[in-house]
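Quick one: structure below, then a few questions.
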Amino acid sequence: MRSHTVYKTFEVPDRRAFVRITDEVQQAVDDAGVAEGMVLVSAMHITAGVWVNDDEPGLLEDTLEWLDKLAPPSWKPPANDVAAALGPDPGDFRHHAGGEDNGDAHWKNLLVHHQVVLPVTEGRLDLGPWQAVFYCEFDGGRPKRMVIKVLGE
Amino acid sequence: MRSHTVYKTFEVPDRRAFVRITDEVQQAVDDAGVAEGMVLVSAMHITAGVWVNDDEPGLLEDTLEWLDKLAPPSWKPPANDVAAALGPDPGDFRHHAGGEDNGDAHWKNLLVHHQVVLPVTEGRLDLGPWQAVFYCEFDGGRPKRMVIKVLGE
Amino acid sequence: MRSHTVYKTFEVPDRRAFVRITDEVQQAVDDAGVAEGMVLVSAMHITAGVWVNDDEPGLLEDTLEWLDKLAPPSWKPPANDVAAALGPDPGDFRHHAGGEDNGDAHWKNLLVHHQVVLPVTEGRLDLGPWQAVFYCEFDGGRPKRMVIKVLGE
């Protein structure tokens, strides 16, 4: 059995972005010398994900908007007496009490999932013709790591 | 280490359907001659998924309806002056500008996930008593492929 | 190739809860004697999940509330003539016709996913500093099983 581990660091300037990584994953499989096996691609952060889908810019833009509908970013109400009279802000997060502002990114991690396992057959990622692999950043602007682990023979 | 790869093609007449595949996955494990390991079951399309849940018809029907609430199919407003005056259609997708109409199916793929990894113990899928494996079609009416990869010894 | 299988039983008194299991998964890796490989952590029930995220109580409480928004528990309308006149209850589930009341828990299973695959490097779970592993109970009050399967060398 062979195994091979590669770490990648992303520093995405935007808060949210999809970064295509299919070639990097194939490179890890090549370097592993594995013909038959599986490769695990896993974000090492709790506000990022990995998605396998279509590398079509319209779809990716649609998807960021849609994820914001299911997992809305927090908002702060105007800091005035009327806002205070409304009581606790339902748009805000307990998680933000300590100064964080990325609660929605944790939920985008949940929806997208932080990892995928891909099949390797005859030394190639065994993907369909439209399947591209994306690192999904939901709280960018700082370096974040991902691990690729190849297992097989 | 043994590995074994099987491809299945589905041609589901309906746009959306759950197709139970537990027996086909077990058959691949049998053919692999693997007693201890893992099996990856992965749709090779970006508008399909794989789900492990209950083979209860009411639940499956409920679930298709619920997925439509979270990831609604697109709609076209009436092509008249009033619709035009309303401006851009929020129910529609950038992804559809090229003639596609399956944006919602990409999001159902995201929610359900396109793959699962199942444990194999003593030659059997090591599932709970109510866990059935389903291929989930969200844009049917054409042949679509899935790969089963068994790894173990 | 080595493999090692461990079963855990949870009996969570509450209907819903996150139970941190990182140490139990690391223990299974230790007992497997695997230095390089993967570990599959998989709920054996259709109303539970496994999530890798932050062990921050505010976030976990936020997340249970948010999951209730995406996958609301069913409700029964008042059993009177007005309710009957309203016709079928859109808040209820076909799945509940047989007496079940846990339709929402099946959907939380779908959103969270019932399993994860974690990398093992140099004998350790190869997780980021904030990644904790949780068993996610969505229909507790009874014993439920989870399987941990380690594969590697």
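Labels A, B and C are assigned to the chains in the order they are written; within every chain, residues are numbered from 1.
By our rule, a contact is a pair of C-beta atoms (placed from the backbone, for glycine too) under 8 Å apart; a residue touches a chain by one contact, two chains touch by 3 or more.
None of the values given here were measured: they were computed from a predicted structure.
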| item | value |
| --- | --- |
| Topology of the chain contact graph, where touching chains are joined (line, ring, star, complete, other) | complete |
| Size of the rotation, in steps of 5 degrees, that lays the CA trace of subunit B over subunit C | 120 |
| Gap in Å, rounded to a whole number, between the CA centres of subunit C and subunit A | 20 |
| Sequence positions of subunit B contacting 2 or more other chains | 1, 38, 70, 111, 113, 117, 151 |
| Residue ranges of subunit A touching subunit B (in the complex, touch as defined) | 1, 36-38, 51-54, 56-59, 61-63, 66, 70, 111-113, 116-119, 121, 126-128, 130-131, 151-153 |
| Contact footprint of subunit C on subunit A as seen in their complex | 1, 3, 5, 38, 40, 42-46, 70-71, 93-98, 103, 106-107, 109-111, 113-115, 117, 145, 147, 149, 151 |
